[in-house]
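One chain, chain A, links the two complexes that follow: it is found with chain B in the first and with chain C in the second.
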Partner chain A sequence: MNARLTRTSWIARITFLEAIRQRFFAFLLVLSAVMVVSSVSLRFMDFGHSELKFVADFAFGGMFLFGSVLALVMTAQLFFAEIENRTALTLLAKPLSRTEFLLGKFLGTWAVLGVFVFSIAFLQGVILWSRTQELIVLAAETGRVAPDFSVSGLASFAVLQWLRLGVVAAMVLMVSAVARTFLFTVIVGAMAIVAGQLQWLAQEALLKPSDASVVTKSLLWISSRVIPNLQQFNIGDTLVLDPTAISGAAVWSVVLSGLFYLVAFLALASLAFRRREI
Partner chain B sequence: MSTSSAISVQGLTKDFRVGLRGIKLRAVDNLSLEIPRGQVFGLLGPNGCGKSTTLKIVLGLIPATSGSISILGSPSATSEARQRTGFLPEAPYFHKFLTGRELVQYCARLSGVPAEKVNEAVEASLELAAMTEAASRPIGTYSKGMLQRIGLAQAIVHDPELVILDEPTAGVDPVGSAAIGRMINAMRAKGKTIVLCSHLLGQVEQVCDRVAIMDRGRLVLEGRVDEVLAQRDRHVITVADLTPQARQAAEAALAAHGATVTSITHPRRSLEDLFRELVTGSRDA
Partner chain C sequence: MHRVSPWVVASLLLLGAGAYSETSWKGVRQAVPEISRKDLEPTLGQGVLLGILGGLRTVVADATWLRSYVFWERRDRAGCEALMKTACALDPRSRFFWENTGYAVGYDFAHWEIRRRGGYAKVAPDIQEGIFRRYAQLGLAIFEDGVEHTGGNSGILISAGQLAEIKLKDNLLAAAYYRRATQAKTVPWFAYFMCARTMWEAGQKKEAYEWYRTQWLGKLKKDEDGAPDDLERLRFMEDELKVPVQLRIPRQTWEK
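Now for the complex of A and B:
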């Protein structure tokens, strides 16, 4: 294996081991699992939507919320632990470039986020399948159309969520590379996630014909390019319950957009980290 | 830049910007230093004198404001230079969930040891650091002395030509310190160059061939240990069974030749030697 790849994979491996042993990870995983399981008991609060849609949305919400918290806190914590405990001194004195170090930290964290997303998605699949079986029997008895859900749609959604959390982790890593404290990173990272969730507002405002000033339009344009649109990943209910309603091209455009921001944030993080004094 | 030097530092200056106004703080001031190959070199000085900053610049962890550094003939901070260098930081901290052996394996792979040679290299470095028995235990259970020794094992696992040790005996008891001293001597016997930063002057005196003393970022003295410590205008004669009559006769004979006896005392051994002699059974493992 290429030496650079070997070094990066070892950093990722140790980062993954460190993260997976943390109670914080286990706590959020259990909390999300409880949320997914409890969605069946809380389905009477479906606000008029179909039961499967409520169950799916409830689980997607848990995956989104706890996944974001995990990506934000764990990325910052795993990075600053190396700096504050001075393990980075030992590692970076070896023939290991800072880009390899940063990339290894990212890949290790992203792997943990993958464990989180795919575990929750699997549990959600089991819940949806078991409830669907009950609803099929009920539909046969009442003569109604039986509901269904797409397993491949759920898998696609899990991949999209994993990519979204990867974008968040890369964004947090970029902040970490310039920040001096863990707290600053978490606060700025949280603000960046909120900005990403609201980015579509800037896009909409830019597309609408208006008499806004050039400065406002420029700011909107910059916001809509610099900040990733994190809302575009939230197409879970369509993918899972009505996969024909969304084209493959639309899904691929989300994937490519996510990959673009992920690579761009990592490149910026690497540039910033190169100049940092350890 | 000398190719026969393990480390060559030329006109090194490092300024830190402090506070919002960016006030300049000079940590290292125009330092020039040649560290020869195959020797144990002690870098001494009070806290804040610029030793650690110098080492960090040598290792490429922070950039220099001006000046140049080469390691074994290559510019420092390059992958090639680091490949040939091992580093033990002050008060090392490692991932507690790894065992000692896993840590050394991890560092071996990061240092470019080929997969097929890792086990052999790991066992050899663990043996040199006297950590073979404890290598399967998690690092979280290690004592301070064991942490230093496993740190030493990770620093030498890739068989570097240059080993930089920053306070390797800080917080370690005299028996552990002596063990680390023996490891340094073993590495010297293998032809390695060792740069040792330490506050334990007694140990530095025992193990180092050359020393440099820094103060306020500047080099104030550099040379062979025996040369810098010798008082050329003073002499020591050790005499057994010195009676008062013999002493008077010796003083008279010396005075006849214009020499003056300034003091007559009993030779002393160091407290460290006495401690090690008495605490023979103590083992830090």
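Now for the complex of A and C:
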């Protein structure tokens, strides 16, 4: 068991070092950081929201958009690089199982995604904190109630986003395990992310009483079971700006749901990869 | 059999995760703004999808609102309404979007329609009145949606009351909206008077006085300044209704 863990952690470490050195990662990290920083100067474009909500939304968007791109492209790229460069063959010729290889790839990628998410969340926290201090002074001058944000809510949101990106990465690995090309994986992975973000529509349509046909209901049932609900992780507004509106149990329930998906996709990816010809 | 079982286990695991996500989704559903597919269908594929997907929703809603102004300037009713409603759908908790969409539909669109039909000189007054009423009804429906999505925002209720009063000439309906505004979390100081005035103008003078009096004695009197303007209006009503002196609101020490 210890040997397995050691081997997996070695693969994870190598994958992490390889990924963190990529220009693509640095580019998306800088792009997201610029997006978060520029939100303060773009606030004049806002209509009728609280200022902190507008600023926070930029960071949520950056995490969602660039995080998804990173999870999708980087996972597929790191996997296919091993296959195309034949390094996978060399590695798997050693006492290393395919499951360990795949799990190592996942953990390394997930760690890089963690660096991305927590860096952006930290930057967002700094921006929100500095703007809150300015707004507190303004509120004191005008006799209004000063806005505030929850640091623990921001931390919870960052964890949820990391988990969401983990689910995306596991899903992409599952596609990679059966796909032949990088491009195919990226296209199917992108469609899976969009479907995951819209899965709740199927889930709610199924829960609402309707006169839909058996075929429609069956399709809804299958899609709401097989496609992960990624929308449930997008509760940043509430967690950061109105933390009392959501219970801790509900957040834990989302974490648990994310972990279930993660394990399920990794199990399927591992099984598919076992049968794959390299 | 031995080779199939891990697949079955993994598939069951995925189905179980899917089933569990229903529970977790129910727990956080309130925290995700309601997006109606019907509202978004007309503008899907124009960048709005990005907003549905998560994050950036506020930003996309703002950009959509800016784009709706282009249609507003061109007096393009369909485009303007579609984009304004999309902004509302993307950020349903924003009072600004609901209020201004209601204003555009309830007030502006009727004028555009009349101009499209040849102008005020060509369209018969009764037809004009019908157009104003039709769009006012549509505007009120938007305000109602806004009230529902914002948790009973008093500003939207006041706007709805004004539309009912000005365009529908329905003072009782306006009074009903103003009264709902007085029951909201944050009540504008003038909402009480507007409710009483519209009831008064609708002919329910006695009821208007009774309601206004109850509100003044129960809530407004406790204000820092004692709401002197409201009391002055109540005195006017007492005079008009010839309320006997002993039944009138007792004279306040600070009253002129």
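Points worth noting:
Here, the second predicted complex is superposed on the first by the 277 of 278 C-alpha atoms of A that agree within 3 Å, B and C clash if a C-alpha of one lies under 4 Å from a C-alpha of the other, contacts with A are read in each partner's own complex, and residues count from 1 in each chain.
The rule is short, and it goes like this: contacts are C-beta pairs under 8 Å (C-beta built on N, C-alpha and C of every residue); 3 or more make two chains touch, one makes a residue touch a chain.
Please read all numbers here as calculations on a predicted model, not as lab measurements.
Contacts of A:L17 after superposition on the shared chain: chain B is touched, whereas chain C is not.
Once the two complexes are overlaid on the shared chain, A:V145 sits clear of chain B and of chain C alike.
When the two structures are aligned on the shared chain, A:E277 is found in touch with chain B, with no touch to chain C. Touched residues of chain A, counted separately for chain B and chain C, are more numerous for C. With both structures placed on the common chain, the touch criterion links A:V214 to neither chain B nor chain C. Contacts from chain B toward chain A in the complex involve residues 56, 59-63, 79-80, 82-83, 85, 87, 89, 91-95, 97-98, 106-107, 109-112, 151, 154. Those residues of chain A that touch chain B in the shared complex are 3, 6-7, 10-11, 14, 17-18, 21, 85-87, 89-97, 275, 277-278.
Residues 45-49, 53-54, 57-65, 194, 197-198, 200-201, 203, 207, 224-239, 245-247, 249-251, 253-254, 256-257, 260-261, 263-265, 267-268, 271 of chain A are the ones that touch chain C when the two sit in their complex. Put simply, chain C touches chain A in their complex at residues 6-7, 9-11, 13-25, 27-28, 30-33, 37, 49-50, 52-59, 61-63, 65-66, 91, 94-97.
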